[in-house]
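Same chain, two partners: subunit A is paired with subunit B first, then with subunit C.
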Partner chain A sequence: MTRATHPETAEMQAIIDRHLGMEGPLLPMFHALQAEYGYVPAAALPLLADTLNLTVAEVHGVKSFYHDFRDHPAGRHILKICRAEACQAMGANDMSARVLERLGIDWHGTTPDGDVTVEPVYCLGLCACGPAAMVDGRVVGRANSDRLLAEVGA
Partner chain B sequence: MKDFILPNDRDLGTPAREGAPVTLTIDGFDVTVPEGTSVMRAAAEAGLQIPKLCATDSVEAFGSCRLCVVEIEGRRGTPASCTTPVAPGMIVRTQSAKVKKIRKGVMELYISDHPLDCLTCAANGDCELQDMAGVVGLRDVRYTPGQNHFEQRAATGANPQYIPKDDSNPYFSYDPAKCIVCSRCVRACEEVQGTFALTIEGRGFDSRVSAGGPKDDFLTSDCVSCGACVAACPTATLQEKSVIELGTPERSVITTCAYCGVGCSFKAELNGDELVRMTPYKHGKANRGHSCVKGRFAYGYASHSDRILNPLIRDKITDPWQEVSWEEAMRFAADRLRGLQDTYGKKSIGVITSSRCTNEETYLVQKLTRSVFGNNNTDTCARVCHSPTGYGLGQTFGTSAGTQDFDSVEHSDVVLVIGANPTDGHPVFASRLKKRLRAGAKLIVVDPRRIDLVKSAHVAAAHHLPLRPGTNVAVVSAMAHVIVTEGLMDEAFIRERCDWDEFTEYAAFISDPRHSPEATALLTGVPAEDLRAAARLFATGGNGAIYYGLGVTEHSQGSTTVMGIANLAMLTGNIGRKGVGVNPLRGQNNVQGSCDMGSFPHELPGYRHVKNADVRAIFETLWGTEIDPEPGLRIPNMLDAAVAGTFKGLYCQGEDILQSDPDTHHVQAGLAAMECVIVHDLFLNETANYAHVFLPGSTFLEKDGTFTNAERRINRVRKVMAPRNGYADWEVTQLLANAMGAGWHYTHPAQIMDEIAATTPSFANVSYDLLEERGSVQWPCNDASPDGTPLMHVDGFVRGKGRFIVTEYIATDERTGPRFPLLLTTGRILSQYNVGAQTRRTANVVWHDEDVLEIHPNDAELRGIEDGAWVKLASRAGDTSLRAKITDRVSPGVVYTTFHHPDTQANVITTDFSDWATNCPEYKVTAVQVGLSNGPTAWQREYAAQATQSRRIVPAAE
Partner chain C sequence: MKIYISMDSAAKALGADQVAAGMAAEIAARGLHAEIIRTGSRGMIWLEPLVEIDRGQGREAFGPVSPADVAALLAGTMAGHGPTETIPFLAKQTRLTFARCGVTDPLSLDDYTAHGGLLGLRRALGLSRAEIVAEVTASGLRGRGGAGFPTGIKWNTVLGAQADQKYIVCNADEGDSGTFADRMIMEGDPFCLIEGMVIAGLGVGATKGYVYLRSEYPDAIAVMNAAVDIAREAGVLGADVLGAGQAFDMEIRVGAGAYVCGEETSLLNSLEGKRGVVRAKPPLPALEGFMGKPTVVNNVISLATVPVVFEKGAAHYAAFGLGRSKGTIPIQIAGNVAHGGLFETAFGMPLGVLIDEIAGGTATGRPVKAVQIGGPLGAYFPRSKFDTPFGYEEFDGQGGLIGHAGIVVFDDTADMLGMARFAMEFCAIESCGKCTPCRIGAVRGVETIDRIAQGDGAAVAVLTDLCETMKDGSLCALGGFTPFPVMSALTHFPDDFATRKEAAE
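This part shows the complex of A and B:
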């Protein structure tokens, strides 16, 4: 779903420029870059700053505020497991421990074959169906470790 | 920061407001403050300090620390006093049991993530966190050790939250372990300085202050080292390295910065006579509590080992220097000068006054030549910078100075910046300007180079007119053409305030189609539509203010451009109120003062011509000597006369003409032909290589006096330590005068100021007592305006009616051709100052350790030049070599460099063309060629060898 290549300056600039007409365009630009590359390339920060007449510091400040914006490529599948209170009460901690153990990675890690990245998330608004998770942007309720591993093809 | 000296310098928490008075009650006391004031500030004004951490009065309230909570009758909860504006009849309680408990809890949380190493901390005794812990009565921290940001090692190994100190900036350190994330530094960088170099990275417990992007440190970030963040920091997180090394200062003295013409007020903070730091003074009216890297940090030159502390003499310039006593040096100098006058005539010697010395010192130097030498051979470095300003504004308005104070910019709607680079040359003014631009004012930049103001964070010029160097007059006239032909002028203003006949003549001249933007576009390189739009904006955008610099004056038509600028202001009615005006950004700290003090060969103090017998009589009576009615020689004339053999001796105070004046070869020849050159300076500068007597100078820290800044503000300079060389500069001049038989006996500069006031009408009411009382005052200050004059020409021009002068564009004789196809223009950079004598001797060299040549990619490619390559820069006058920097900041056909470093000597390139009226040299336009080279030119090598040879010193026999 994403291309984790070395992004070209002109290409990034083109993505950025597509959102110039918006009001408050910085977040949409981050989203667009991440949608394209799977992360926000560091080389995009000066481009964003220059385009919006901000400083790199300001752009970095905004980006780092949102944990969702990555600074390195993620795996082909992104699995987000909710760690908020309701899901913890429904056994999310045990479930995620099993998932991580099977994949052999820690939180925020990516499997060596580049297949799966696991990230924590704090509430998907799906508390009624805990434990909850999100696979490549699609929410999954009443999750268990086998199902989640199957979802990401592991 | 803690205010340990001056009671009136307290931090009131939030900025002042203007508005109708509002009365409220705080802890039972009635307080009346302007509408919009915060409860915190209102309390502080009543003498009640509400505890606070994230608030400081240099930045807007933020409301993040929750330490300043109060209770307000009739309102729910405990609002933060910093973000709550006052209301009539409000009843505030700052010390209820409830708020005291909250504050203690807040402090306890803060301290749970802060190291308790107060005794060995650099901010010990100057830490607001420490103070607040005391104020709220924190006695106990109940939280057990856990995750924190300050321990290098946690129980299980390295602490991942610990970030080591960032010492990359030479002047201050950033220690994240001590940070309480109050954001004061980030806000100071944004609101005060306007650089936006800092941010808060991450969120929640992970929030950290970050300079620049993810991989940056302070040095690689956009930080300009102005020190605003350091001043705002309540803890030791951002701390001056000098305080870390030397300890907390115990006393402070208010004085004035000795760098640029902004004239910032500083507190020199010391222990005994050891200077610990310089901090900007909040009540300084030029800077309003802000500073730049030069004034704030670059004072190390004052104690640099290169400083010469004993007088030196030598018979010939090829001899080594001989250290001698002051007496012997004075005897030697006086005998030589008198000897020259006996042989070659009274007019064979002269002086150059310094724009870096005080008014009093400058006054004495011109008095020396007029009263003791008996001629008018005095000139000053204003000759080579703003002399066209004096002439142009004098002719049109009637005074030789800027019309506004710096506060005025807060009321401007359209700002026209011509030939000036404020963010580098006048950084504190630039910060004030940028603040106004962020609030919505429009900016027009006329400059061959894309200066930072054209586009930088949160600032973008509405129009940038990138003209070809040397075509200022054509551009300014074209703007006037648009305004007149499109009927955008302020006719009521012109009819009331200006000479109408002269205006109609001018209007007829300027309406001629040959002045239209379309007709001049080919010449100036400025697209006609842009120019028209800029002119319309300036004429119709509200309060229009013009700020200009040496890019206007240092041309063969410098005076004409100044008149053209004055015409623009008069045409649009932008004179005589706040937010408008014509404002020269003067280069050196006291260049305005040195002009005021009669440094020019034709003018006695107060710009009065020497030919006027009544003016001469004032001084003749007081001095008891006769004054020559003939004007003396200007600097270029002195050098010409020296080469011709009629000018033989020069006393040059605090100026390095060899490096700063144009056409170095000619200056060298002139100096070498003289028989007695006396250099009075801190260092053996380049001019001293040709000197026979070297008199050690004193720094601004070592003497009393006054500087006059670009807004005509007379600021006090106060002695904070004894002169290391033994004498303040005014005493040295007096010694020389007395060695020549003058019989002066000044014992304090206040007496010299009294003499200035007694003889000069615009200074009539100025005295040290008045300056002590007012802090500073803007001339004219006399019985007509006893409080000084912040705005000039309010009810009418000083000369009566404003005068429109016809401004015909005449191209400079300096032209490009096949041999020299590029145009060189020169400028400066933030971290270095003028010839660099001071700043090169400080850690500022980390930002700029050599002059580089900016060249457009097209011109570089054509010549096979790569970024960083050594190139030879040659003009008709000479050649030098330096490294190239490829950038599209300059247009094709234009190259740019600075003149801060003597190894480059950019002025060996510049020619001896000069302004038609004032001889101000044409630094800004030189036809050049650029080509690859393998290193320094033969001339540079010879020059370096001669300089080394010339600087040998034989110490005095013990």
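This part shows the complex of A and C:
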């Protein structure tokens, strides 16, 4: 699992520098930072800007364009539930409504105890075995609300 | 005894890893001589986890298998489906692009070459650039990412461009609901995509390739990265491809959850580390693409079909199909469907045959109400359009599109007003923000559909107008084609819009 500790400047810079030889390195840098900390720390933006000769506003603009990059830590478990059409055809709307209700949160929300974050995802390529979900990176097909809640320990 | 179990993520999502672990434990406990080989998926998702056992007479299929079935399966007392190849869903297919998928170990280069792999590349290495491009043109291959543009013509533009560096960019963003062909081939036969990209590089004079792979596919990312390393180690990639004196290397890059980044110019911006905003064309990516250099942008299936075109010849490929839709198309049948999965066939099969006969109707057993073809920007077809043959022009003629060839089936409980609303909502969430009709129009679209739902009949005209504006005033197909699912739902399923009105009155 990722760790959401207080990030050290030198450590973040080292992560950034690992990608310096690449063409178009910014997304790989964001991914690497998020893989390490669970989110992209705000303190990393000026480092990225300096390294890549961009303004902080530009770096922020790129980060905020993409649904994947978080600016604060997620819950201990990340539950992504597919909201797209093929899963809707198999009852995904009712299923996700039940999950969110039981957890007492809305999409993108995290339970007050910090255990679970629920995020929408638009297709996991599991459209012939929907409704589909992903729990901490593991795929789940023919999901139901009880199974998903059990997977995240709720 | 050899035992084959898929490592495809759909199989895993249904428990294939647990079945494989159970098999390994049972084999050890009984002291059996058996080898477990993890393959890609055969594409019969309703049978996953599928286990194939070869006791010396070919592979026999069993599935879906649960960990509880393992003992019976190894004891030979579990009922199966007979020889895998005779299962009608497989027997009725023409597998060219997916010939190896589900058969071989995805990360064994030896297995790959034993099943025809690298024959196409070896042939291409003996041809000139112009001959390579001419072969692709002659095959009639058209882009499988959605637009159906002839691949050979695109390659020819890049071939003719003068530059110190050219690129091959593989579009593996596969964001359309109901599609998973790209994922399946990347997880199940990754060397096939790599081989196709190398041939593309040789053909147009590009030495560097990128696969832009969506982050929603962690399994495919892992398999592709491993395959690239193996291919480089074996000299399929690198400074001297197969010792023939030409260079080509490639990298896997991970997307970040933006649907619009499947649009090729947005993808290129994203790959360059920018916001994934759509670029105006011209300039064409073929002339000014990645880093401003001439770039081939092709879908995974377009590129993964190139090896078989070279292995069997353009004429062989072009002999399949219907009209200007040549060759085969891996159709993905999904949603509320009895036999969902991947069905590769020559173009031309009527939609209704695919749904009623091949896929066996709905999973719930209720009547089919609507099918959406071609992802979230594709139209909803009612049963009355089920005789439409699967082909680019044929679908276009019916007000639809085949897109990346995904079919999503809905039973009679589907709420088409809800689906129209979702299409607008999705467009609003995923809009890159460049055009007002898309960015703002989609938000208004959701509101307008909510008004219809509340019984405001006059809002139907507003919605129709709004769709016209979005069609005319959008730079790319996200804003431009969202009216397809919306208007087709409204046109073909008026009751779903009207009953609400009456209920409110």
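Definition applied: the second predicted complex is superposed on the first by the 154 of 154 C-alpha atoms of A that agree within 3 Å, B and C clash if a C-alpha of one lies under 4 Å from a C-alpha of the other, contacts with A are read in each partner's own complex, and residues count from 1 in each chain.
Here is the rule we use: contacts are C-beta pairs under 8 Å (C-beta built on N, C-alpha and C of every residue); 3 or more make two chains touch, one makes a residue touch a chain.
Quick caveat: nothing in here was measured; it's all calculated off a predicted structure.
In the superposed model, A:Phe65 makes contact with both subunit B and subunit C. By the touch criterion defined above, A:Leu124 lies against subunit C but remains apart from subunit B after alignment on the C-alpha atoms of chain A. By the document's definition of touching, of the two partners only subunit B reaches A:Val56; subunit C does not. In the superposition on chain A, the chain among subunit B and subunit C reaching more residues of subunit A is C.
Once the two complexes are overlaid on chain A, the subunit A residues touched by subunit B in the first and by subunit C in the second are 61, 65. Per the touch definition, subunit C reaches subunit A in the complex via residues 9-10, 12-14, 45-46, 48, 174-180, 182-184, 215-220, 251, 253-259, 270-277, 290-291, 332-337, 340-341, 363, 372, 376, 406, 408-411, 414, 418-419, 422, 426, 430. Partner subunit B is touched in their complex by these residues of subunit A: 42, 45-46, 49, 53-61, 64-65, 71. For subunit B in complex with subunit A, the residues that touch the partner chain are 195-203, 210-216, 221-222, 455-460.
Only residues 22-28, 30-31, 52, 61-62, 65-69, 84-90, 93, 121-130, 132, 134, 137-142 of subunit A touch subunit C when the two sit together in their complex.
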